[in-house]
Amino acid sequence: MIEIDWPERSEPAPWRRDGGKVVVCVTIDVDAESPILARGDHYAEHLSTLSHQAFGPRKGLDRLLGVLRSSDVPATIFIPGETAVRWPSTVEAAAEGGYEVAFHGFSHRHPVHLSADEQRREVDAAIETLTRFGVDPVGYRAPNWEMHSVTLEHLAARGLRYDSSLMDDDEPYVLSLAEGRLAELPPHWSLDDWEQYFFVPEPDIGQRIVPPSQVLQLWSEELEAMRRWGGLLVLTLHPFLSGRASRARALEQFIELAQGYDDVEFATCDEIARRVLADQGEPIAP
Amino acid sequence: MIEIDWPERSEPAPWRRDGGKVVVCVTIDVDAESPILARGDHYAEHLSTLSHQAFGPRKGLDRLLGVLRSSDVPATIFIPGETAVRWPSTVEAAAEGGYEVAFHGFSHRHPVHLSADEQRREVDAAIETLTRFGVDPVGYRAPNWEMHSVTLEHLAARGLRYDSSLMDDDEPYVLSLAEGRLAELPPHWSLDDWEQYFFVPEPDIGQRIVPPSQVLQLWSEELEAMRRWGGLLVLTLHPFLSGRASRARALEQFIELAQGYDDVEFATCDEIARRVLADQGEPIAP
Amino acid sequence: MIEIDWPERSEPAPWRRDGGKVVVCVTIDVDAESPILARGDHYAEHLSTLSHQAFGPRKGLDRLLGVLRSSDVPATIFIPGETAVRWPSTVEAAAEGGYEVAFHGFSHRHPVHLSADEQRREVDAAIETLTRFGVDPVGYRAPNWEMHSVTLEHLAARGLRYDSSLMDDDEPYVLSLAEGRLAELPPHWSLDDWEQYFFVPEPDIGQRIVPPSQVLQLWSEELEAMRRWGGLLVLTLHPFLSGRASRARALEQFIELAQGYDDVEFATCDEIARRVLADQGEPIAP
Amino acid sequence: MIEIDWPERSEPAPWRRDGGKVVVCVTIDVDAESPILARGDHYAEHLSTLSHQAFGPRKGLDRLLGVLRSSDVPATIFIPGETAVRWPSTVEAAAEGGYEVAFHGFSHRHPVHLSADEQRREVDAAIETLTRFGVDPVGYRAPNWEMHSVTLEHLAARGLRYDSSLMDDDEPYVLSLAEGRLAELPPHWSLDDWEQYFFVPEPDIGQRIVPPSQVLQLWSEELEAMRRWGGLLVLTLHPFLSGRASRARALEQFIELAQGYDDVEFATCDEIARRVLADQGEPIAP
């Protein structure tokens, strides 16, 4: 029986405002071409599939940011290093819009498939790339949510504040690592748009498209149920997917639903991470 | 034309109370990390996927037991040996809550993929593990519902009372094996949450997530139809899946629906197995 | 550019009664274990999966025939030779109930994956097997709808009246083959229950389960639309799938819908084949 | 980090009439047997699967053209060279009905899987084939939307007016290539019927069938949302899929919905391509 080397976790400081039951973190992963090219250099010649991905930086991100802006909703934008290099406008738009910019690896290769050195270089290169844009990222999300302990430790070593890749809770918690503390803000496959909307013929990384109204249903049911048990609802969107018109409309409807509830709050990942890591007793702004 | 070596089966003793048409057995398989690690030791480094599974023992099981407790519904908790070792709190919570504890193999490897010796060791090790918790399990469910005749015979040899892995009926029956009699309580893929909710990128053991309301629809239609033809509805839940908020709410709604019918009864697997194996004519408590 | 050797086809004789727009042929494929065992002898030890299939002969067929009987709907029962040998009760129940019995290969291996000799032996063995039950089958359906021209010609050579395996129309037509004429009664994947309900872990021949109400929706929409354009609606059911309670109820609801329309008629495949092959001008009973 | 060689793009000339928000291009890909045979010559013996494809030229195309005609909706018919050779009636029906005829490769092999020479021969052979029918095609769509830059350049070299294979926008734009300018009219997987309706057992190129009402929902949601943000809605239909009765009815309902809006216009691809490429300031007919 093999042993699992779980990182040590502990309770978060208070992270909800008074009377609050749910915090929604809207997060946007600006993958663009990276998840395709990470599967093989030959995909650089698959023009249609790359263009499918490029819809994100060309059009989808702006549309999503427009929805957020007109709803006055904060968000965290996770950008892989390669996207920042290929599409600098994505980092600029996110930063200028006042959104939190975090990182999502450099090449979108999965930590679990990389050597320890490669894992550290992925983190370092991504931070360095964003830094050149004047961004000082404090949070990370593992490509394909395939976290490895080497990457997790390296995030702490680099002084990051939070990760959003582990799924063993629906509330935030604290990771106490050898290299320091990190807030963990758990995402989930069911609150991600990829499993509902992704289709390309190759590589084989998703082939199912459902109506946006069904996705709105899926997310709304989780929101409603979290109002009972409490929770952190980390919504994950990809501009090349959710940036399509009817899907952006579904996001807007989700936001309208959530904003109608007194016990639901929107916040960036960094805001929640700060609260989670605060000394106990520190007050939370209403 | 190859021959199938079917185990001998016979009619059950009366197993429904007077006027009853349907018995619902709520069953919970506390798989945790075992179905992932059974596919390869290297998955021990796939932190996100393991954390996806660990949601069960960390949070999902408690939430499901809470729903059951507040609805006053009995249940049977199937626990793989590895889960009992890694997460003793799961056995304790189930036993302290007054739920029946049964077993689900030791390592979640599938009987059909094991040698005869390995199959027997899986059963023995799991029983021995639960015994250390003061639990004396009387029922078994094959991992991935991949039963083999060697395992089936060994259950009888070990004096078990029932199995819940064969699908050739929607009512219980009696297996007359070389080593003794077993009640069979048939489950079905359509009454399992895995096919509706499971998604991880690797290993390739499920990639489809639908809204809980659609799953409620699926299960409710079977319940309604069983009220006509009669049946044993074995509902199978995984805490890492159905323990998420909106899915726990769907379970609750299913229970509310079922409790509204006079001809529907909830029972543990053991309760039904005892009735099934009772001498004909023995009265059933209303 | 490779050439396709299409069999010659010609127009059918009138096959709808006066004022009729749609004929519904309810067909039942009693596959039982055969599609699993056709993938490898080692599946004979996969007890759970085999039991999943055995639900058909043990319970599902009776339930489906009950629905048909109480609705007074005719049907055609396609039985693979192996099923007839393993479960003689299926042939007997179908024949005694007054249903048409046709055949579905012997071993459920796909004609396209067999040599010419094997294909002919499959047909011959299946006919011989059913003949031993006093059945004289006049129709055939290729396993997995994987027809090959050798099988098609052999059906004509054996004097069969119809096939139900080609999908290039939604009305019946006549095949003029070297060995004789056959009526073709086209089925379709969308009017089959397998794509909606089938799930087993191995072999990989289907893994998706949707609610019966969604399947009812799918079939009802085709029925409604055929009332406009006219058509032959060949509904294909598997007792191990559609024999489950809620799915049998969906069938019943489909029948109720169809029976409410004056321009919809139910008939066996043989009845339609006779009409299709009749000399032009021959009257059709109302 | 690999470089992507994006073709240069620029803004289109005005392409919507005054007050228009959405243009719908109904496009029909008459694939017939080609996507199957492109996967291997041995499929020429898979009669059922080929017949599934032949439903298109035999019946589906006529039904779809009937729906379009009675709704007075223009359309563009993309025909692979092999389909034109095997089913000349498809080109004739499209041309005689006054529809635009464009091409879809010769053999339905994907440009990304072909050498540069093969890619050019595919384009040349397809144009030559259609020319023999008196058709002078001005537009192209890559088989399986798997465009390669060699094909794209060759389209310009051959003097084509537009392509409909790239997905990085939901409005048309201009491609400025070495060999000339092309209008790009972006399609999308979510507005294609294949992902919703395609099922054959082999080859493995789709296995999921949903009710037409769900597809109508999917497309209607995109139409409604495009009325807000504006867009070009390129609807892609396959006669062997959408030509089935209930699916043709769903198309009709989609058209009825769209025709009810003043700000939605239907046009052929060629019409939009001409507008897109027109000199700025050129008026657009209302």
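A, B, C and D are the chain letters, set down in written order, and residue numbers restart from 1 in every chain.
The working rule: contacts are C-beta pairs under 8 Å (C-beta built on N, C-alpha and C of every residue); 3 or more make two chains touch, one makes a residue touch a chain.
In this text, all values refer to a predicted model and were calculated from it rather than measured experimentally.
Identification of common neighbours of subunit A and subunit D yields an empty set.
At the interface between subunit A and subunit B, under half of the residue numbers appear on both sides, which makes the contact a different-residue one. Rotation angle, subunit B onto subunit C, C-alpha superposition: 90 degrees, expressed as a multiple of 5.
Look at the CA centroids: the one farthest from the centroid of subunit B belongs to D. Rounded to a whole number, the gap between the C-alpha centres of subunit A and subunit B is 35 angstrom.
Measuring from the averaged C-alpha position of subunit A to that of subunit C gives a distance of 49 Å. Among all residues of subunit B, those that touch two or more other chains are 208. Contact topology of the protein chains: cyclic, one closed ring where each chain has exactly two touching partners.
Interchain contacts (touch definition given at top) occur between A-B, A-D, B-C, C-D.
On the side of subunit A, the complex with subunit D involves touching residues 33, 37, 41, 44-52, 54-55, 58-59, 63, 82, 85-86, 107, 197, 199-202, 207-213, 244-250.
Note for the complex: subunit C touches subunit D at residues 1-7, 110, 112, 142, 144-149, 152, 165-170, 186, 188-190, 195-196, 208, 214, 217-218, 221-222, 224-226, 228-229, 231.
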